[in-house]
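Labels run A, B, C, D, E and F following the written order; every chain starts at residue 1.
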Amino acid sequence: MSTERFEMCLPDLLVEQIVADALAEDLGGAGDLTTNATVPAQARASGVIAARKAGVVAGLQLADAAFQMLGPEVDFDIAIPDGGSVAPGGVIAHVDGSARALLTAERTALNFLGHLSGIATLTRAYVDKVKGTRAKIVDTRKTTPGLRALEKYAVRAGGGFNHRQGLFDAILIKDNHIVAAGGVGRALAQARAHASHMVKIEVEVTSLEELDEALAYEPDAILLDNMSVAMLKTAVEKAHGKALLEASGGVNLDTVRAIAETGVDMISVGALTHSAPVLDIGLDFEPTAKDKSA
Amino acid sequence: MSTERFEMCLPDLLVEQIVADALAEDLGGAGDLTTNATVPAQARASGVIAARKAGVVAGLQLADAAFQMLGPEVDFDIAIPDGGSVAPGGVIAHVDGSARALLTAERTALNFLGHLSGIATLTRAYVDKVKGTRAKIVDTRKTTPGLRALEKYAVRAGGGFNHRQGLFDAILIKDNHIVAAGGVGRALAQARAHASHMVKIEVEVTSLEELDEALAYEPDAILLDNMSVAMLKTAVEKAHGKALLEASGGVNLDTVRAIAETGVDMISVGALTHSAPVLDIGLDFEPTAKDKSA
Amino acid sequence: MSTERFEMCLPDLLVEQIVADALAEDLGGAGDLTTNATVPAQARASGVIAARKAGVVAGLQLADAAFQMLGPEVDFDIAIPDGGSVAPGGVIAHVDGSARALLTAERTALNFLGHLSGIATLTRAYVDKVKGTRAKIVDTRKTTPGLRALEKYAVRAGGGFNHRQGLFDAILIKDNHIVAAGGVGRALAQARAHASHMVKIEVEVTSLEELDEALAYEPDAILLDNMSVAMLKTAVEKAHGKALLEASGGVNLDTVRAIAETGVDMISVGALTHSAPVLDIGLDFEPTAKDKSA
Amino acid sequence: MSTERFEMCLPDLLVEQIVADALAEDLGGAGDLTTNATVPAQARASGVIAARKAGVVAGLQLADAAFQMLGPEVDFDIAIPDGGSVAPGGVIAHVDGSARALLTAERTALNFLGHLSGIATLTRAYVDKVKGTRAKIVDTRKTTPGLRALEKYAVRAGGGFNHRQGLFDAILIKDNHIVAAGGVGRALAQARAHASHMVKIEVEVTSLEELDEALAYEPDAILLDNMSVAMLKTAVEKAHGKALLEASGGVNLDTVRAIAETGVDMISVGALTHSAPVLDIGLDFEPTAKDKSA
Amino acid sequence: MSTERFEMCLPDLLVEQIVADALAEDLGGAGDLTTNATVPAQARASGVIAARKAGVVAGLQLADAAFQMLGPEVDFDIAIPDGGSVAPGGVIAHVDGSARALLTAERTALNFLGHLSGIATLTRAYVDKVKGTRAKIVDTRKTTPGLRALEKYAVRAGGGFNHRQGLFDAILIKDNHIVAAGGVGRALAQARAHASHMVKIEVEVTSLEELDEALAYEPDAILLDNMSVAMLKTAVEKAHGKALLEASGGVNLDTVRAIAETGVDMISVGALTHSAPVLDIGLDFEPTAKDKSA
Amino acid sequence: MSTERFEMCLPDLLVEQIVADALAEDLGGAGDLTTNATVPAQARASGVIAARKAGVVAGLQLADAAFQMLGPEVDFDIAIPDGGSVAPGGVIAHVDGSARALLTAERTALNFLGHLSGIATLTRAYVDKVKGTRAKIVDTRKTTPGLRALEKYAVRAGGGFNHRQGLFDAILIKDNHIVAAGGVGRALAQARAHASHMVKIEVEVTSLEELDEALAYEPDAILLDNMSVAMLKTAVEKAHGKALLEASGGVNLDTVRAIAETGVDMISVGALTHSAPVLDIGLDFEPTAKDKSA
């Protein structure tokens, strides 16, 4: 498949692998017992993928791949691209092709689309709350095992930003690392000694004293863990222009605006990826000729 | 690893594959940059896995595997087994072993545990609501791609029951199959003609007329789609002793009791697997000797 | 590849994986030393896939995939579809395309086709023997490791029916489970307590006393293990209308008719998948122009 | 696992991969529904693996691996090693360990053991028939897809020899290669020009004229395709000391002795791997204490 | 992809697997951050793949696959096929297609092409040195893990020949095998007893006495380990017409001619695959319209 | 396997996967024909892994894994850890265990060790050359496909530093990106708009004008492409304290010192991973008792 259709996209080889695994999970060795028994191989169908509720779309590339893998000739026409807003009842895409392929791939396609759109929708809600502040909404490593790249993509589709992708691409020094290293300073020094010049270093602090200690070692960013709004304000004053500041802990849709107004640069929200409810999206098949004549 | 420790368990080969993939996702090629830079290879640590909120535990086998894969000598002692209830702050397990292994595997272990315990916890909430009725709470195929077997296991840990595992193990005839086959009767006849004697057949109906039509063909179960409580009651009267009845659609914690009291046999809830928030579970490291002396 | 050409089919992703593995097994890293040395890359060839003996065809989807993977432009025209009968010398399919692709894929394509057609042919022989009785011929889990889904498909192509696919989709309680559970009753009760409403339960009995005991617990099916024809008749009388009855053990082409005439619902035959000889099928290349001029 | 226990063995990494795939095929995502419902996790069991009929054992390494993967502590004590003869009722191995592991792995272990022992047994029958002649019984590439290395191992266990492993390790020029290359001489010349010095070259001939033509090019071996015993004798006289001769086609247990007595070096038998019936092998669990007291 | 374009080729399934893995290694889960941020999805580009230095081309099939996998519509036109010589600045291929696909696949394509062309170039240097002698330049098993089939292909592209592919396709008895077996004779006898008739046998000797001992057992080839040119000459005289002789050890571009002139049949050179420097090959994008107008 | 033995280490799951693939490549389906024919299963052996030339060790974890996978009981005692220097003849490790396991794994273990130690050795040579300057030696993405993580590890073992791991973890804007984006400024602005706060941004410039233009946008680092030493000095003066500077192009052991003395922060050297010759390392088996008595 070509990714030229997708301005915003995931690596296609990754998409194909994950979608193939998801289809295999649903098909097993025996395939779709129901569809194979009741729908002729040559039957064709068409339908619309529509949202039942308002939200932000994410995951079309995966839905497309699911249909393509079972029916290479399936047309998948996108009405609202990833990152776009959909109203209740809004049509996201049209599908047309082999009835067996559409019916068999339907649930897999919708599972991806609903899950990722759910994340994009929740992210957008946070992003809207902090509009006008300098704060970016960022995700965490609290993702669903096996789907991190997809979920981080959905956060971007929702207008959020990604934190590090994993343990391998950036350094985030937490309390236990500090204890093991023998203090903030030694931990930061050791991190710097090992790190590539292309790797950023962030350190977690829980008090203003630790913040001062950390600032002395010039990390790229500092995670302010579970601080009150008042403390966050003081931290912003202290760190102004010296390091990026990330607020973390106790963040929800009610508290996020006040946190953003403290002037922090990022607010990380684990719930974006670990607790976003699905966006309810369905595939409505169009009545067939036979149906219409009835 | 031996599964003798787990009365209730997932296939171990599946667990190992999924956990290895999840660790690979977090470690990439470069590994845990932070821990490798700040924690000596021989350092040891111990800690407790504890719930921040009340819930039902599920996924210990996966957490155990995550630690074992990075530190074969890690002790993982279970305090509350899968299916058990944990109070806020309650200890679920103790871990002890290589500090690097514990720190590097921590997030992967917790991601599995939090996600699956979240599902078990939500399932238990539904199960508690229908206590005393004949209704079982059952899941759907609206699961997270790649994790279906785990999520269905978590539903069982929460006291729920599984619907079919995929398209391959049971027949569920929906509206589009009926249209393609040319009616409920023909669809059921075709399904029966193809089905193994070990495969159950369920059919979806949306009206009492369709229910009557379906009952004439003696399916094992009938899915009553989006019916009102009043309709469900009538359906139960009609179908009494003839087929298992499953209520589906419009189910939430507020409505489930009334639905259960209609006398249906199963109530299916997609939210169990597509919208359960994580159960907040953390790993608290114990202060090290150095710490204590401070 | 599209599966629209195949009314009866296996999941295409599964087919592609298994065929790719089989080709890799034959090609190694160095490829087809003989063909690459002796046949030019641009040479083309055509031929017919023909049976040397009478039988039932199964596995065309796999043969097609083998040729397609090495030569995407290969034409594969089916003369007798899966499930069809072929006479000695009968043409099953025509192939046309890259000579290298045809020669290199030939053995892999034929190995699938011969093995699966062998199973379909033996199944048909049993099915023909029991014609006119209520008995269905069913397979077992005694399949070739890695090829179960294909072999069970071949049984269907031959007119047989599948028993459960594996340990995961249905419950079959055998003697050792009964001993471990503490009796037929307890075993059936435990099975029912755990089972999904979409999972069928069968129990194995070896005597008429055990049959009575089992019937009291209303299993979906009962396997009558190694019973004489006389016992089977009594069992059928006892169980009439209460549970499906499966005869197992001592079944061969000489005994199967008498067993079927007892009135059992299914007769399971392990030999279908563990001992069916190959159906001898070859690929006859058409003489090339050069040849013809000779 | 260590292969030190096996004088004759398959690569252990290959064994582990194939056995893991076979177990996954049987377990799916839900595992052994029956055993998990009826057998406690801590229950232990023991039993003997015994042959129901006489034959030659092959595949113990795979059976061992199947049990080990589900129960790392399972004891697997070999009574008759691969290549050994077993009488009807003869004990091949003793197993002892987790009851769940033994019951769940049983069928997979026996499927490998029965299939490979069936091949070894049929091979031994051919080998015994040609005893005293110079002819070796060799296999072909007509193997079960995915299991070639195992099946060729079983042929060796039965006293046979392997032909080439695949298209990659030796050159076998057949009729179509000869046509494409423009004659036996050109085909052999092209093969030699490309071949590694470690690769042997064999050519197929169908007449004595072709044999003469082939001998002029000094191949390592010549396959005499479907020749009568008389022709084979003449061929042996012609080729004496010049090339190894392989008889192929029309070989069965009735004809093989006469073919061997022509003086050919090898007789290839496709049936060894494509049509060997299973050797009937079972796992008999020992009565438990509870049982004994009854 | 079709391999019809490549007279000399690697198995396509192998190429696709290795290229997919290499792309995944470079893309991770997040993809090409730079290109996705700066290049529009619909932008197109074209360019030439050109050598910075003189050499022999190898690996076009892999470069082609890398571009195809990210941009199925990319044109890849070959100017100099594998095995061809390229002058400094010489154009090897033209590419045209999606700008994102070209930029993202560029490094992976060039890494394959540079590495394999490096091997082909070094091989050609050795081959040119021994021109006119009977000696073939052959490779060893000292290859880069995971890339052996590709590297051995590159040796062939450079005009060299392959030694055995691995431990599985030919027998090479070394000193430790001889010690374990109890002498050259016993080792050769054991090898012959186990070997397929399609497997060649080579033995390593370090002295003329061992050579005599080996010749008595008629191996297919004898490896003369680290012998002086004088000793090699004597060895050639002794072994004339009895076994192929391979010189090994102390071979470099300065010594290889003298070694070849001793009359040995093969000279094995580990450096071909373990120490060949890359051939410097780059992808020069053509100025875009926008550029040109500037 | 536990990684506690390795202060400096690669992710163990990655090591196991890559080593298993490398062993499979060497073993095929038939295994080590030579060793299995000549060495008894119970034979034991021991030996030393020793360098033939001076160098820096890297890759012991992989060599260890290769032996462990074929002989779980093999002792692997490290004398010189990764990153340590070895003199000609110096012993790197002792091995002791199953003779078959040692002989069969030998080449795979040495291929990893020689390749990675070759890279570490070349890296160390560059690092030594620039001692006393501020310049770090860094690698590139010009790595062997499939082995990047290992090769970057070897660079670290040699005292070098890693550049970005792939396209996914950092942004490096090159000429074609600049053209596509419409200038340095727009490219940097687009990169910043998309980038995570944990992702660094580097831009390539080829002139001092471009350097000025880039500095205005405050990238984390600037790659100075193919500049003369004089230009590099000027660049260092201009950029002092504003961005890290990387020199690239025309770097070799003769030129690297002068480049380092310009004051650049990093010097990237593609040759570290694409053209490092192997470090010659062998496994010398100790004479066995039988040998000694001779």
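Everything below uses one rule, namely that a contact is a pair of C-beta atoms (placed from the backbone, for glycine too) under 8 Å apart; a residue touches a chain by one contact, two chains touch by 3 or more.
As the structure is a prediction and not an experimental result, all values here were calculated from the model.
Visitor: Touching both subunit B and subunit F: give me those chains, sorted by label.
Guide: The common neighbours are A, C, D, E.
Visitor: Between the options E-F, C-D or B-D, which interface matches B-F on more than half of its contact pairs by residue number?
Guide: The same interface as B-F is formed by B-D.
Visitor: Report the inter-centroid distance (CA atoms only) between subunit D and subunit E in whole Å.
Guide: For subunit D versus subunit E, the centre distance works out to 33 Å.
Visitor: Between subunit B and subunit E, what is the separation of their C-alpha centroids in Å?
Guide: Roughly 51 Å, centre to centre.
Visitor: Which integer distance in Å separates the CA centroid of subunit A from that of subunit B?
Guide: 21
Visitor: Report the inter-chain centroid distance for subunit C and subunit E in whole angstrom, where each centroid is the mean of the CA atoms.
Guide: So the centroids are 43 Å from each other.
Visitor: Return the residues of subunit F touching two or more other chains; collapse runs of consecutive numbers into ranges.
Guide: Where subunit F meets two or more other chains at a single residue, that happens at 25, 27-31, 36, 40, 148-149, 162, 165, 168-170, 199.
Visitor: Based on the touch definition given at the start, go ahead and assign the chain network to line, ring, star, complete or other.
Guide: complete
Visitor: Spell out the part of subunit C that touches subunit A in their complex, as residue ranges.
Guide: The contact residues of subunit C facing subunit A are 1-14, 148-149, 152, 162, 165.
Visitor: Note which residues of subunit E are touching subunit F in the complex, please.
Guide: 18-19, 21-22, 25-40, 43, 45, 99, 103-104, 107-108, 110-112, 114-115, 118, 141-149, 165-174, 176-182, 187, 190-191, 193-195, 199, 270-271, 274-275, 277-278, 285, 287-288, 290-291
Visitor: Could you pull out which subunit E residues touch subunit D in their complex?
Guide: 136, 138, 161-165, 168-170, 196-200, 202, 220-221, 244, 246, 265-266
Visitor: Within the complex, which stretch of subunit E touches subunit B?
Guide: Residues in contact with subunit B: 25, 28-29.
Visitor: If you look only at subunit D, which of its residues touch subunit B in the complex?
Guide: Going by the criterion above, the answer is residues 20, 23-24, 27-31, 36, 40-42, 69-73, 98, 100-101.
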